[in-house]
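Since the structure comes first, as C-alpha cells, the remarks are kept for the end.
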Amino acid sequence: MQFFFEVLIGGLLSGVLYALVALGFVLIFKASGVFNFAQGAMVFFAALTFVGFLEVLPGWTGLEEGGRAVFWLAFVLSLGAMVLLAIATERVVLRPLVNQPPITLFMATIGLTFLVEGIAQGIWGANVRGLDLGIQDEPIEYMMENFNILISSFDVFAATVAAILVAALALFFQYTRIGRALRAVADDHQAALSIGIPLRHIWVIVWAVAGFVALVAGMIWGARNGVQFALTFTALKALPVLILGGFTSVPGAIVGGLIIGASEKLAEVYVGPFVGGGIESWFPYILALGFLLIRPEGLFGERHIDRV
Amino acid sequence: MAREIGDVVLKMEGISLSFGGVKALTNISFDVREHEIRSIIGPNGAGKSSMLNVINGVYHPQEGQVTFRGEVRRDMEPHKAAKQGIARTFQNIALFKGMSVLDNIMTGRNLKMTCNLFQHALHWGAARKEEIEHRRKVEEVIDFLEIQSIRKTPVGRLPYGLQKRVELGRALAAEPSLLLLDEPMAGMNVEEKQDMCRFILDVNDQFGTTIVLIEHDMGVVMDISDRVVVLDYGKKIGDGEPDEVKNNPDVISAYLGTSH
Amino acid sequence: MSDPRGQDELNTFPRLLMQHAQQRPNRPAMREKEYGIWQTYSWAEVAQNVRAIACGLAELGFKRGDRLGIIGDNRPRLYWSVAACQCLGGIPVMMYQDAVAEEMAYVLQDAEIKFVVVEDQEQVDKMLEIREQAPLLEHVIYDDPRGMRHYAETFLLGLDELQAMGTAHDKAQPDFLDGEIRKGQPDDVSVMLYTSGTTGKPKGVCQTHDAFIQSAKGGCQFDKLTESEDILSYLPMAWVGDHLFSYAQAMVSGFTINCPESGETVMTDLREIGPTYYFAPPRVFENLLTTVLIRMEDASWIKRKIFGHFMEVAKRCGAEILDGLPVSTADRFQYWLGNLLVYGPLKNVLGFSRIRVAYTAGAAIGPDLFRFYRSIGINLKQLYGQTETCAYVCLQPDGQIKLDSVGKPAPGVEVKLAENGEILVKGPMLLKAYYKRPDATAESLNEDGYFLTGDAGFFDDDGHLKIIDRAKDVGKLNSGSIFAPNYIENKLKFFQHVKEAVAFGNERDFVTAFINIDLEAVGNYVERRGLAYSGYTDLAAQPMVMQLIKECVEEINAQLAADPMMADSQIKRFLILHKELDADDGELTRTRKVRRKFVSERYAVLIDALYSGKTEQHIETEVKYEDGRQGKIAADLKIEEAKTFAPQAAKTAA
Amino acid sequence: MLYREAGQFKASYEADQQIFPILQDRVGVLLLIGFFALAVPLFADQYWLKAILIPVLIFSLAAIGLNILTGYAGQLSLGSAAFMAVGAFGAYNFMLRIDGMPFLVAILLGGLCAAAVGVLFGLPSLRIKGFYLAVATLAAQFFIVWALVKIEWFSNYSSSGVITAQEIEILGFAFDGPVSKYLLTLFVVVVMALLAKNMVRSTTGRMWMAVRDMDVAAEVIGIRLMRTKLTAFAVSSFYCGVAGALYAYTYIGTVEPEGFNLDLSFKILFMIIIGGVGSIMGSFLGAAFIVLLPIALDVTVPVLLGDLVSASFVSNLQLIVFGGLIVFFLIVEPHGLARLWQIGKEKLRLWPFPH
C-alpha cells in the first residue's frame, strides 16, 4: 500500500508538471483559438535560454558564477527572450494567418515548433546541460519517518511552484483589466474588438504569459532531468491532459494533469510488467481517447452545439 | 390545369424543442399536403429554421411527433431523412466551398449512386457508366436553373445569388419529394428574387415537389404559397391560406410589433 | 434553266441532305452545346429527324408552297425544320428572334403564315400576343417544352410530339416523303428572307434552291471547303449570311455546323470548337480587338513589351507572309518566333487557331482592324452581297487581299457599273421575286436581268470592286466631282474617337461634316490628360477634343487627296455635335444607320452655319430621355476649319 | 503558351471527365511517365536511384495516403508513419509465414492490415473533430510503435523489433538491384496514384470533400458521416501501409519500429502542406521537395559557408528551413506547390493575357 501511495504521489507530482505545460496551451487556446503545438518547443527554448544565460553571464558581466544575481538576471533575460518570441510569433505567424481555419493555425504551430527548436539549438548548441536550482532532490525525512513514503522534496517544491503559478494566473484573469480583456477575447473575438481591445496586443500578451509558464516549467523539468531536446516531448505529454481537461479550462488542465500523471505511473508500475513495459508513451493517449468517446468536450469543456 | 394538392404527407404534432432551457419551439402542430407550397413565416428568432431542422432530423424535439408519409419518426437522422426524399437548402449557404458547381450538384445524387469504392478506384465499367448517367441528370438540373456558364467554377468564387441557386440545384439533384427551403431569397436583388421565384414555382409545377418554404419577403410568400404557418417566439399564431393569414389580427400585431 | 431536271440530280436541299445521309451517314452534321457537352448529330440522324418533322408537318396539314415561320436562336431542330419544310415543298421564313411581337405580326401577315416553329416559351408568348393580328396562324410548334405545361391552347404543339407523329407517319408510309422530295424542283422557292430595308416595310425575298445551291457551290469551290470544316452558327438564322454559310454551304459540302449553348457562352463555345471556317460582322472583330488590347493592358510590362514588339513585326510582314509574298529571312524568323510567343497563343485563346477562312461583311471594316487579323495569320477576307443575291457577289481571292476592296466577282457572277456608278449584278444567285411585290421586283431588276444593288462603287486597275456608298446618297459637288458621304463618314468612323459622322456636300462647293465623338474613348483620352468634364455636351465642347478631332479630319483629308476621284471631297469645315445621334430621337434607324434627310432638316441651322463662314452657332434641340420625358439641350457650337491638301502635294505627304 | 486548346471540344461526358481533359496535359504526363520509366533507369546512377528517386516515390505514396485523409476528407492525422509501420511489418509477416507468398500480394495485404488498424483508430473521428482528432491519431502513432517493439512476434523475435526485408521475387525474376527496385516502386506508385485520382474524382471523393467542407450539409444530403470518414481512414492507411512495405522492401531493407516515429509522420504532413493539401499531384511535388531539400542543404551550405559550420549547424538549419517553409506556405500559398503549378499552367493557357 505504501508503494501504491508512493507511485500515486510521484505520479501526481509529475502530473503537476504536465499541468503546467498544458496550462500554456490552454492560455493560448482561450485567447487566440490557436492550438499551439509549439508549447513544448517553447519550454525547451525557455530552459535552454535560461541555462545558456547562466553559463555566459558571468563571463560577460563579471558576476559570480552560480550566484543569486546571475540567476535572477538570467531569469529576467530569458523572460525577455520569451516576450520577444511572443512578439515575433504574433508578427510572423498569427497576424498573416488571422481568419484562417483553426486547423491551418495548428499546422503553422507545428512549423513554428521546428523553427523554435532549430533556433534554440542554433544559438545555444545541442548539448545536454544540467540545471541546479538549489533545491535538493532527496526524500523528505518527515514523510519517510512517519508514513514510510518516499517523497522527493524537489517534487514538493515543483508542486508548490506550480500551485502558486496557477493561483497567480487565476487571480490575473479574474481581477486585472488585461485578464478580463483576455477572457473577453476568448469568448468572442468580434465582441472584444468592438469594445476596443486591440487583438494584437492581447495575442502578444497571452503568448508572453504562455512563454513565462513555459520558462517556469522548463526550469523545473530541466532541473530534474537536465536541459535537453527531450523537453520538447513535454508537449506530447500535455496533449492527453488537454483532451481530458478540455482545451479551454484552466482547472481542467490541472485536474487532467494530475489524473494523467497519476494514472500513467500507476499503469506503468502495475500493468506495464505484463505487457513488456514502456507503456507510458501511449497510455495517457489511450486513456484520454477512451474518455473522449464518452465526453467529447472534455472534463470541463463547454458543449458545443452546431448551428445550421 | 393547376396541380392537384393531395393528401397530408407531413404532419407535425405538438412539437416542442429547447436548447439548454431556452424554448425554441412550443407545442407546434401543422401539416403539409402533397404538391403544395407551404410557407413558414414569422419575425426573426421565431423558430422557423428550428422547425425545418426538426423536419429533417438535424434537431430532435423533446416533445411531439413528426409523421412523414405515414411513418412516425423519432430521433430521425438527417441522412435517413434524405433517403426518404427530403432535401433542403440552408439559410446561410452550406455549399461545399472547395468544389465546383458541377461537383456540388453531383453530391446531391450520392444516394442514387450504388457503385463502391473499388469500382470508383478502377473507374471502369459500372462506375464509369454510373458517373456519366448521373452527370446527365445533373446537367438537366444545371439547364433547369440556367447556370450553364458557371458549371466548372469553384462555388467559392460565385456571387451570393448564384450560390443560392447552386444550393437549390444540389437539393434538386436528389429528386426530392419534399423540399425544404430556408430563406432562398434572402439577400437577393429584385431580379434574382424573380428568377428564384420562377424556379421554385417550376420545381413545384414540373416535378410535383412538395415545398416547405421559409421566407421574409411577404410579397413573395403571399404570391406563391398555398398555405402559410406563422410563428412568433416559438409559438404558432396563425395557419391558413395567404389571405386568411394576412387578416389574422395576431399575425398583424406580431408583424407590426417587430417591424415598426 | 427552268426545265425540269433529272430526279436524282442534287439540285434541291432535301436531295442534298438525303445524299449526305447515304454518303457520309456517320460524319457529324451538327453539334450543339447542350448539357455541358457537344451533342453531335450525324448526317443520318439529321436526315432521320428531318423526315420525322416533315412527316409530322404533313400530318398537321402542311401543304406544298405553304410558308413555315421559324423563330429562335441557332438550334439544330430549327435548322431541321427548315429542311423539313423544304422536303414538303414549303417555304421556310426565318424571323429575328429578338424582334418584338408587332414586327413578327407583320411578317406573319405578309407571308400568310399558317405554321410556325418557335424555340421556346418566350416566342410562344409572342405568338399568343399577336394571334389576333395573324388570323391565318393555325399551328405553333415549340422546340423547348420548358414552362409550357399549362398552355392549354389547342394550336400549340411540342416539336417532340410532332416528331413522334411524324415518325409514325413515316413508318406507315415510307414512300410519302420520298415522293414529296422527288416533286421538288430547283427553281422552286427554297426560302424567304425578309430584308430590313431602310425605307418602307420589310420585303420577303424569294430565293430558289438553285440560287442558294449555286451560290454555295461557288463559294465552296472558291475557298476549297471540304466536309471537314467546322463552323460556329451564332448569327441570326433570319440573316442571309447564316443561311448561306450555316445551311446552304454545309448542305453542299457536308461540313459540320456547331450551335453555341447560349448567347452568353458564344465566346467560350467559339474557343472550344475552334472553327475552321468563320464569319463575323466587322463589329465583332472590332470588339474582340478592343478586348484583346484591354486585357493586354493588365499584363506585366515584359509581356506588354513582347506583345508590342511582335505586333510590330506582324504589322511589318504578317499580311505579306499570309499572302505568300517575298519577305526577308530575318523577318520570317521574327514572325516565326512571334507566332510561337504571341500570335499562336493569342489565336488559341480567341478560338481562331484552326481557322482556314474567315469572312466579314455587312459593313465597311477598318483597314487597321482588317490588317491586324490578317497580320497574325488569320485568313480574314471580305465579301460583298445582299439578301437578294444570296450574299454572293464578290469575294476576295486568297493572296489578293486589298484592304479597301471587296474582291473580285465570284464564280458565275457578272458585275457591271451603271452610269451613275451603281453596281449591277447578274447570275444564278439572283432572287426570284419579292413576295407579292411585283412592283418592287420590277424596280430592282432591269430589262437585261441585272439586279440593281443600290450601291455605288468602282473597279480598280486589278479588277477589284470598291464600294463607296449607297447609290442614292451619292451626289455631286458643284465642281462636278463625285460626292460619296458614306465613304467619307466610314473613314472618319474608323477612328476610335469618332462614333458617328454625317457629311454634307451635295450640290455645294465643298464638303462639311457633323461629328459625334465616342464618349468612352474620348472621355478616357481627356481624363488621362487630367481634364474633368460633365457629360457628353461638355466633353464635346472642350478645345482639347476639338483639336483631337481636327487631327483626325486632317488625316482623312490627306487620304482623300491621294485618290484622284475623291480629292475634292476633303472636309473643309466641321463641327462636333452637342448630342449623340439617337434612334429614340429618330436620327438613327434601329440598326444604327444615320437618317440623313431627317438629320439635315433637324439641324438645318447648323448646316447653314457651316456653309456661311460663321465660327459659332447657337442651337437648341429637343430630346427624348430613356424614361420617356422630353427635354432640351442647348449649346453654342464652335465651327472649325480643317487643313486641306492639294491633290499633288498630298501624294508625297501621305 | 504551349497550350492549343481551341478545337479540343468534348462531345461526350467520357471525354469531358477524363483525368487530363486537355490533350497537351495527357501528352505531357505520358512523356513524364515514359521518361521516368525508360530514360531514368538508363542514365541514373545508384545514388540517385537509391537515395533520391526511390524514397521520393515511396513518400509520394504515403503523402497521397495522408492527403486522402487530411486533404480530401479533412481529418487531420499525425500518425501516418505508424500506419506505414503496420504495412511494413504486415508485409514482412506475410512473406515470412506463408510459403510462396507473392510479393505484390504481400504488400497489398500489408496495406490491408494498415487499413484495418486505420479504421480502428479512425473510430474516434465519429465523435471528435479537429485538434482532438489530431491528438487521437498521436495515440495510434505511439501505441503502434510501442506494440511493434514490445510484441516480439511481429518482428519474429528479433531484438528491439528490427526486421530485415526478404528478397523480392516476382514470377521468378529477382528484384535485387536498384534499377529493378526502382522500376517496381515506380510501377506500384503510378498505379496507386491513378487509382487514388479515380477515387477522388468520383462519388467517393466528392463525399470525402463534402464531409471536409461542411459536414452538416453533407449529412443532410444523405451522406453517412461515419462510413465516409472510416472509408477515408481505411484508404488513407492502406496507402500509407503499402508505402511502408515498399519503404522496407525497396528502400531501406532493414527497418525497426522506431524508424516510423513521430518525426516521419510530421515529415509526411509537411509534404502535403508544401506539396498541396487536397492534390494528388501535390503529394508528388511535396515528397520530392522534402526529400531533396535536406540533400540540397547538405550539399550547398558547406560549399557556401565553407568550414565555418558544423554538421549540427546544418541539421539545425534544416529544422529552421522546414519550420520556416511550413509557415511560409501556410501564409503565402496554403495550397502549396500544386497550386503554384496550377497557376503557372493557367498562365500558360491564357498567355499572352494575364487573366
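Each chain carries a letter (A, B, C and D) given by its place in the written order, and its residues are counted from 1.
Note that contacts are C-beta pairs under 8 Å (C-beta built on N, C-alpha and C of every residue); 3 or more make two chains touch, one makes a residue touch a chain.
A quick map from chain label to UniProt name: A, D = Branched-chain amino acid ABC transporter permease; B = ABC transporter ATP-binding protein; C = AMP-binding protein.
If you're wondering where the values come from, they're calculated on a predicted model, not measured in any experiment.
With B-C and C-D as the two chain pairs, more C-beta contacts join C-D. Ranking all chains by how far their C-alpha centres lie from the centre of subunit D, first place goes to C. Taking the mean of the C-alpha atoms as each chain's centre, subunit B and subunit C (AMP-binding protein) sit 48 Å apart.
Subunit C (AMP-binding protein) and subunit D have Cα centroids lying 58 Å from one another. Here the CA centre of subunit B is 41 Å from the CA centre of subunit D. Between the Cα centres of subunit A and subunit D there is a gap of 33 Å.
Across the assembly, subunit A contributes 308 as residues in contact with two or more other chains.
Residues of subunit B in contact with two or more other chains: 58, 90, 94, 135-136. Multi-chain contact residues of subunit D, defined as those touching 2 or more other chains: 13, 216-217. Touching subunit A in their complex are the following residues of subunit D: 76, 123-124, 127-128, 130-132, 134-136, 138-139, 142-143, 145-146, 149-151, 216-217, 262, 266, 269-270, 273, 312-313, 316-327, 330-331, 334. Put simply, subunit D touches subunit B in their complex at residues 13-14, 17, 195-196, 198-199, 201-207, 209-210, 212-214, 216-225, 231, 235, 278. Residues 56, 58, 77-79, 81-83, 87-88, 90, 94-99, 103, 106-108, 110-111, 113, 115, 117, 120-123, 127-128, 131-132, 135-136, 170-171, 174 of subunit B are the ones touching subunit D in the complex. Listed in rising order, the residues of subunit C (AMP-binding protein) touching subunit D in the complex are 28, 31, 36-40, 230, 271-274, 292, 295-296, 298-300, 303, 306-307, 341-342, 344-354.
Those residues of subunit B that touch subunit C (AMP-binding protein) in the shared complex are 1-2, 102, 135-136, 139-140, 142-144, 148-149, 151, 202, 205-206.
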